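For reference, chains read A, B, C and D in written order, and residue numbers begin at 1 within each chain.
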Amino acid sequence: MPKVTLLINCKDKSGIIATVTNFFHNRKGNIIYIDQYVDTEKGIFFMRLENEFSTEYDIADLRVEFDEEIAETYNMNWKLFAEERILKMAVFVSKYDHCLYDILGRFKAGELNVEIPFILSNHKDLASIARAFDIPFYHVPVTKDNKAEAEAKQLELLKKFEVDFIVLARYMQIVSDQLISEFPNNIINIHHSFLPAFAGAKPYHSAYKRGVKIIGATCHYVTAELDAGPIIEQDITRISHSHSIKDLILKGRDLEKIVFSRGIKLHIQRKTMVFNNKTIIFT
Amino acid sequence: MPKVTLLINCKDKSGIIATVTNFFHNRKGNIIYIDQYVDTEKGIFFMRLENEFSTEYDIADLRVEFDEEIAETYNMNWKLFAEERILKMAVFVSKYDHCLYDILGRFKAGELNVEIPFILSNHKDLASIARAFDIPFYHVPVTKDNKAEAEAKQLELLKKFEVDFIVLARYMQIVSDQLISEFPNNIINIHHSFLPAFAGAKPYHSAYKRGVKIIGATCHYVTAELDAGPIIEQDITRISHSHSIKDLILKGRDLEKIVFSRGIKLHIQRKTMVFNNKTIIFT
Amino acid sequence: MPKVTLLINCKDKSGIIATVTNFFHNRKGNIIYIDQYVDTEKGIFFMRLENEFSTEYDIADLRVEFDEEIAETYNMNWKLFAEERILKMAVFVSKYDHCLYDILGRFKAGELNVEIPFILSNHKDLASIARAFDIPFYHVPVTKDNKAEAEAKQLELLKKFEVDFIVLARYMQIVSDQLISEFPNNIINIHHSFLPAFAGAKPYHSAYKRGVKIIGATCHYVTAELDAGPIIEQDITRISHSHSIKDLILKGRDLEKIVFSRGIKLHIQRKTMVFNNKTIIFT
Amino acid sequence: MPKVTLLINCKDKSGIIATVTNFFHNRKGNIIYIDQYVDTEKGIFFMRLENEFSTEYDIADLRVEFDEEIAETYNMNWKLFAEERILKMAVFVSKYDHCLYDILGRFKAGELNVEIPFILSNHKDLASIARAFDIPFYHVPVTKDNKAEAEAKQLELLKKFEVDFIVLARYMQIVSDQLISEFPNNIINIHHSFLPAFAGAKPYHSAYKRGVKIIGATCHYVTAELDAGPIIEQDITRISHSHSIKDLILKGRDLEKIVFSRGIKLHIQRKTMVFNNKTIIFT
């Protein structure tokens, strides 16, 4: 049966849930999932809802109707997705291969319900992996002198392939402000530390130096401020004094893969909303 | 503002959410929390909802109306709680004091929104703790020969004090079938293993013998079958070959306290439903 | 510098550590790692020691000398490894590919210091993966009628390639007693549950049915009794009522990969000893 | 049997282990535990060793002999403890009671092998807890104007009672440099965040604001730089967007108690060494 997913947030008011559920009920819909959360401090209402229709429907019409009947009244931020629409995900990499291998392995196993139109890298090293998985690979080198040009090339590719969101699988370049503003809350990074601890470069070295007993990884949306975007998912693993920096890097690889893939899946399933530089994660 | 919490389960059908949310909307209610789950395998719908009324309401009337207008139609299992009603929790103990200390410490700190009419034990050892916390203590010894009499005494106390639910804080006697049937899904036990591993007596000894690398604790509702009731919460901690049984017991104590208190809190907040010997835990 | 690793266990007695450390000191060795453990309940002493020699040495001579000077006196079980000797690891698989992909990815990345002479399977499904990683693949089907023949073929391959140990990467056949007795504590299995809970087939289905809040994976040495061998490593992940069996299987895959690879690494680094059906894990 | 524990660190050289183990062997000692670690980056050797003597020995003589025969040669930092010597632990608190309750509960249960000569606080609020556990309580208020006087009073009490180490059970004052220099690596603090994230005041508020998915607690030795001392132990717990600051504080309390008590136990068992502002934790 055709299914839609609705995400909304707005100023909290009485009656929103009843109004929205009636909207679908009146169209012979069956709500199969509803989850809501109120940020009582800021007075904001958030909701995620999945609805199955017993008959065909037109997503464009539905959007117009929802907007006119409900969204305008409540001054909502909202998105309505048709489930059959598969997102297009671009993968940016540099030289590290473990996150790329992991994503492609999961993609091939059917875990990630996306299309991957291309892999883009500022180095050529991982081209053979792209080839092995039959995915186009674009080499867009980035140097001090060609930044503007490289960004233009990136944007051109993203538009040409109608990419919905980008995952930075250990992409070691800072993403341009323009790219960020064209893909708001649609660029996902994996940072190899437990943010906000050890932001910036070489977090495993910093963790080793500080003598922490636990290391972490953080999957977050990219914003203009480095490593400071909304956190989607984090996890940790225990270490001890006996672990060298090399050990931390090895242990961290497993962590990065898992945290990254969890974050990507939440995004694909439209289970994330961003507000006030934080995420609401529907479960 | 007066608040009610509704828990329902019934055969899954279209329109339940809209119908229920309208019920509250029509009475000037404001739904501040809704969470729902469908067991697609069995076709069962579950929902937990919190509603605030802007004016006074009568809980008895509300129950009658909900029953007639909705519950009968959908053949629901349901409960409607007024938030101002504080649950009465009896604590059963034997000789181990760590879970008792932990519960009473949390109770005193305001973490557990209950009344504790009494502590009951088959031994006198912990009477002084009850005294220190100013809670009545009843010593009901249990022997092979006085089982029926002891059970009668227990039931008498539970009725006299209008107890809502019982927590077994390492109570080392098997609870009678009659008690279980009078308090269905209202007797909470902490078992010192990761069930279903190591059910029964001396789980730390069994864990040591088997050489596991992780030990656990399980908080569950008590049913007629020993250690086989619906699981509310579990957690684990890592161990190694170098830990003796005594070490496991010590490490396990911390685990038991935390898992037990989490389970009790979920119950107090009416965030648990039982179906098919499993729990649905609303978050 | 040439390095040896010594593993010993014997009845606990005074002076073992001094005696052993002197043995290496007298040969111009430098002990760079020592870890020891006493099972006080059984009175057994365990030790792992790494020693670097500043000059060349002959491992065969060293073994004879250690045996005569020390091991006989203390009636030790002991093994002395030269670090330059790379272990040969055979991989047995059936149809699931996630553990195989993970092992081969780590192997290729240099995480696993072994040779992999071949992959063996009772099905043909994963042959292409072996080919992609350039490792010989042997298809040895197992049916009710050809068991003896299949086992003979397995043993022939294992001998021909001088295999040191076998990893069962979700190999779905029961390994023969003969194979187990020819590779004692050298067959490593990954079981997709938190043993001893849910031994046997379909543990995720059993976990779902029981309604546990945590699932696990167990890496263990294979013994004649199914899923009852010495546990090398375990880990867990949290689940909830909302996870279907399919979700458990997906979540479990990540767990299986990590727990399996940790167990294999401990074995390769000779950090495991087995005694009394339990492992001592040196760190 | 009389037992001693030895902790050493020194520049790494060949033969240290044999030399030290012989020292005890020659005195009819039996080494029952040995653990060692080499910081290969800095070239430093660390060792912890427990030895049982079959006959009486004089700890003062042993120290002189060890110093002359071994420590001077290798230019070691070392400590030799007689097991029968019970450490004296002072507890500093302010207004929060959860860590104090937890420590005293464990103390009473025999988990912490120390004497507690007194509890000191800058507030009177927790005096009744001290009284309930029969431990002297000293109220030493700290204001802008009386700092020097308050510190003098603290030092006087610590000397009078021959205190070995101090635990800051959520003591909300900054400890003076003089106190730190008189108790180097002997003041243990619990910080309610996953350091180095959220150092300083109100870490739960900062964690909430940043939108992290995990909160932590850190037990560390106090040094002159705030929240930057050697980390003994850390642990974490998962949170979500739905947790308020109050929820974080509640969840954090359990974490603080456990991490703090683990750190204190490691210190009491002399399983910690500090080097280069990091801890080596022997297991």
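Worth pointing out:
The definition used in the following text is that a residue touches a chain if its C-beta (ideal position, glycine included) is under 8 Å from a C-beta of that chain, and two chains touch if they have at least 3 such contacts.
If you want to know which protein each chain is, UniProt gives these names: A, B, C, D = Formyltetrahydrofolate deformylase.
Just so we're clear, the structure is a prediction, and the values are computed from it rather than from any experiment.
The greater number of contacting C-beta pairs, out of the two interfaces A-D and A-C, is seen for A-D.
Most remote chain with respect to chain B, judged by CA-atom centres, is C.
Between the CA-based centres of chain A and chain C the separation comes to 38 Å, rounded to the whole angstrom. Remark: chain A and chain D have CA centroids separated by 42 Å (rounded to whole angstrom). Listed for chain A are residues 240, 242, 283, each touching two or more other chains. If each chain is drawn as a node and touching chains are joined, the picture has every node linked to every other. Per the touch definition, chain B reaches chain D in the complex via residues 97-98, 101, 105, 109, 111, 132, 240, 242, 250, 254, 258, 261, 283. Of all the residues in chain A, the ones that touch chain B in their complex are 14-15, 17-19, 21-22, 24-25, 28-36, 38, 54, 283. Residues 37, 40-41, 194-198, 210-214, 216, 230-236, 240-242, 244, 277-281 of chain C are the ones that touch chain B when the two sit in their complex.
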